[in-house]
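Each of the next two complexes has subunit A plus one more chain, namely subunit B in the first and subunit C in the second.
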Partner chain A sequence: MDFGYTPEQQALRREVRAFIAEHVTEDVLAERGSSESNTGRGEGGAMKRLYEKVYERGWLGITYPKEYGGQGGDRMTQYIVEEEFTRVDIPVGMGGSGAPAIMAAGTEEQKQYYIPGLIKREISFALGFTEPHAGADLASLQCRAVRDGDEYVINGQKMYTSSAHMATHIYLMARTNPNLPKHRGISIFLFPMDTPGITVRPLWTMQNDPTAPIGTTYGHQRTNETFFEDVRIPAASLLGKENGGWRVGAMGLNLDRVGASRYLISVRRDEDIVNFVKLNSFDGYAPAKDPAIRDKIAELWIEAQVCRLMTMRSMSIVEHGGNFTYEGSAEKTWAPEHGVRTTEAIAQMLGPYGQLLNGSPHAVESGIFAHNLQGAFQSGINHGSTQVMRDQICRRGLDMPRK
Partner chain B sequence: MAQCPVCGASVDEAAVRATTGFTAHGASEMDPTKGTRQFHDGKWVYFDSLECRGKFLTSPETYVRAS
Partner chain C sequence: MDTTLSEEEVMVRETARKFLEARCPTKLVRAMEKDEKGYPPDLWREAAELGWQGLALPEQYGGSGLPMTYLGLVMHEVGRALTPLPMLSTVTAALTIAAHGDTALCQEVLPKVVSGETILTWAFTEQDPRFLPETVRMRAVADGDHFVLTGTKLFVENFVAADQCLVVCRTSDTGLSVFLVDCRSAGISHRDLVTLAKDRQSEVTFNAVRVPRGRLVGGLNEGAAIAEGLIDRATVLLCAQMLGATRKDMEMAVEWSKFRKAFGQPIGAFQSLQHMCADMLMWVDGGDLLTYEALWKMDQGLPASVEVSQAKAFCNEKCQAVVRGCQVIHGGIGFIMEFDLQLWYRRVCAWTTRFGTAYEHRARIARALLDHPGTVILGQPVPVVAEA
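Take a look at the complex of A and B:
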């Protein structure tokens, strides 16, 4: 057991930092979080050029096989690269991309088409799982896909399809057989967003506030409702087997929970609070010298280390082909809740000013801390809520009865 | 015109569905102020607001029968 980094890993981290210092320029930062930057096709092109350089360095798709445009590398390398880029809020990982499920269940043709595109960030999926009446109880979804010759015809609606307005494709869960038990009549389809019959309706939530300053966790992007009406797609859009979508989806979601992304979101917040405390003083009052604040910071730092170790453990299980069941759920509970505690602690330190959003004349640093506080709750809801995750820990990890 | 099954307001189905533009990658976008709809039991039901749809979701039977 070795918890340290090897000399090569340390060198890699330095190399990534130097790259970021040189290439993540003001124009890149300005494009961050714009609707186009999602696929690296930004109008200004700064983000696209950055991704090309990152790709040339071999830092995109690190853990994916070379024949699909990846690097055939290990998860620790991926983790280090991702951790460094997270500090400047530039996503370079594949978490939530749909790629793990395609690798596991896709046809050769699907892998050849989607994986290189996802790695180079030329393709991105909106995730179409949730419906108005099917969230935690996802298996009761009603969106229908009916086979018609060489095609499927999709009718239905999805809720909170977060990147539907930016994505090139959709990863859709739909019911292919309404007569089977609910978990067994579901299939997954992959198809382009410009297929006729798809409509996107903007939806703003507490976590998605258009006035949030750039750099806010989640904050500045809207989510959506997405409607499908007689959307005709080729039968080859099916991922995995017809009516086998529940297993593919659950496995994909579980793998998506592994690894860096959850923890890394919280890393930013952890650094925020330490920097804030160290760098500010108010009329002679230095928070860094206040025992109560020091206590809180130490506590949050310990929590962050727990988060990091859980992340490392699940990465190592997957890396060694082990059986990965409830570990992702544990991580998916701890990391978001830690994120909430961190943003709440910052808000408490700032007092009433910490609640003011961007645009208020007295907002602290454009309200970024207040927006982060609102946004922090999201990661405990999407991709499986913390309550549902706890239930999975009991069932899968502790062998407790279903009810 | 459709009728919101919850509050009875009239809802212009065409306006709810009207395309106002396109997303970066070609899906139709619509105006969120014109109401919304719900794919219920294989049919579209129209609402004047998300609030009404929220109420409908909690007990669709009440409103489907009433409308």
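Take a look at the complex of A and C:
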């Protein structure tokens, strides 16, 4: 056991902080605030230049092999870099990018094409999993892909394809064989968003008006419905084997679950509220002096430590080449629920200030705590809901019976 | 002891529910989120025809003289339909005027409240959000037959719609007084806040606003007790409103769980969701029981501060938990603006932050329980001890 950081890791952290202090300048922050995503293809070019510098430092795609544009580094290095950039709300990780599944199941050609682009943030995927009637029960999806010579023809609808209006490509789960049991007739396809036959329609969210400030938990202003009408793609768009998509997808999701992103959402919120309460008072009333608020903050802090340590545990297991049984599910249950508890407690600590949204006079920190209230619960629904995660903890972690 | 509703109480509730189901669709709720004044005047008039504004006001001023529990039942329905009307601020201010204003002022103001001609609000909170007398800095200084008011109030509900505002001011180092101020007086300006509920709250600045002495409500320097009564009424009626909205939200989520399918069955058949829903039902029921007991005590002229705080502390956390659960049951769709569920979620969230946090209300209960000699008996009144 070792709960510490090596001298090299500590030096890296200092180096990343110094880099951020120097390069995350006002124009970067301004552009970050105005662009809806951090794709690196932002309007002003400041974000793009920043990503180029981050890449030159070797801080993008740290855990990916050098031959695919990565650094061949370890997860802890990746984690440290990601944690520091999270504090300025600039994503530098590969969580949710589709890259883990491509590395695991892609052909040499696919790896050569996609991984360097994903690392440099020149390529980004919209994730096409969910459908109107397939959410938590993803395997019941119905979007069809039919082989036709050297092509597949796609027809169907996807829901909540969050970045479909900005992404260069889509990572699509579709049914290739409706006659097989539901988990076995599914395949994954990778293809450009500008392929003819794709229509993207916006679904505006609670965070749209007023716009959630950057750093909000589920601050998405927009997600989408995406329709596929006789979309023809080359057969080489298939990722992994035909009808083998469930395994590839599940693997990708599992790998996505590991690591920093869940916990890092909490880091921001827990640090923000402690620092806010510590430094602010309202006409002489200092919430930091209220014994009940002090007690609550300490309680949430302990929970945040459990979040952090569960994340460290997952990374340690992967670092040893091991497999999760229930640990990823535990992390994916604890972190979102802790996030909700924190967010709701903050609203009570701030009283009527806690309800003021971005742009309101007297809004606290651009209203981020109120906007978090509109989004925090969402992280317990997506990518495996906490209900389903708890079922998995029981089955895989405790060997409990299904029926 | 009988916690069930009488026939007449059921009728009050059912009439209000039917009226709002017909007249307050979510389309109207959405439209009023973007409306400058935040309410539709014709619905306000119709509410007056039903006697809502004057429900608990004395008959001598045109009111119906009915108990607060009835008003609570109406506010519950107002909340259920997310009715965009300035009801809460108007009735709390009017009840305060009825309780403490002199006859002339009551004669002048209350019949117009009953008829729907006058909209009221009140202003207590400044920068310090706690409901304690010492947080009031705004001054009212006597000048001949006027008082001159200077200061800034925050979170003033429906100010943009209101005609008159009860303003709590400092009139001596230790004394507060309450004034009824014309919202269009010279020297008043306001900035509108953007709240989770997308309802109307403002920051209101009073710059040497002259108010005639006759607009003093209750005695000079007697305002702290008046304000406490006002805030208690507002708080308990907000609980009723919040519980109405929360219960409706729960009903929608339970309905959803019956027809939304996953893994070959309705999601409502999964025990983890069922247990969540069972908790929700206990929480809204618990909130209702606490709220109606507090209202009933007010009707009996009994001290009700502890009961009000019990209700609000409980509702703040439990209503929040219920509406969060409703979002969870709905999955992704609950996050989407076009889908109505978010209308309930955002309002309940906002309401849990108003009129005292769970911490404040629990501290008030703890003072009553612990800072008083003798032992306590569950179910018997607890003495309230003022803030040290």
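Just a few scattered comments:
The rule is short, and it goes like this: the second predicted complex is superposed on the first by the 379 of 403 C-alpha atoms of A that agree within 3 Å, B and C clash if a C-alpha of one lies under 4 Å from a C-alpha of the other, contacts with A are read in each partner's own complex, and residues count from 1 in each chain.
By definition in this document, contacts are C-beta pairs under 8 Å (C-beta built on N, C-alpha and C of every residue); 3 or more make two chains touch, one makes a residue touch a chain.
All values reported here derive from a predicted model rather than from experimental measurement.
In the superposition on chain A, A:210 makes contact with subunit C only, not with subunit B. Once the two complexes are laid over each other on the shared chain, residue contacts for A:199 go to subunit B alone; subunit C is not touched. By the touch criterion defined above, A:318 lies against neither subunit B nor subunit C after alignment on the C-alpha atoms of chain A. After overlaying the two complexes on the shared chain, residue contacts for A:133 are found with subunit B and with subunit C alike.
Of the two partner chains, subunit B is the only one touched by A:168; subunit C is not.
Comparing subunit C and subunit B on the residues of subunit A they touch gives the larger count to C.
Contacts of subunit A with subunit B, set against its contacts with subunit C after fitting on chain A, overlap at residues 133, 203.
On subunit C, the positions that touch subunit A within their shared complex are 125-130, 135, 137, 154-155, 191-197, 203, 261-264, 267, 270, 272-273, 316-317, 320-321, 324, 327-328, 331-332, 335-338, 342, 345-346, 349-350, 352-354, 356-360, 362-363.
Only residues 35-36, 38-39, 41, 131-133, 142-144, 155-157, 164-168, 192-194, 198-203, 225-227 of subunit A touch subunit B when the two sit together in their complex. Within the complex, the subunit B residues that touch subunit A are 17, 19, 23-30, 32, 36-42, 53, 57. Chain contact summary for the complex, subunit A toward subunit C: residues 130, 133, 135-137, 140, 159-160, 203-206, 208-210, 218, 223, 282-285, 290, 292-293, 296, 340, 344, 347-363, 367, 370, 373-375, 377-378, 380-382, 385-387, 390-391.
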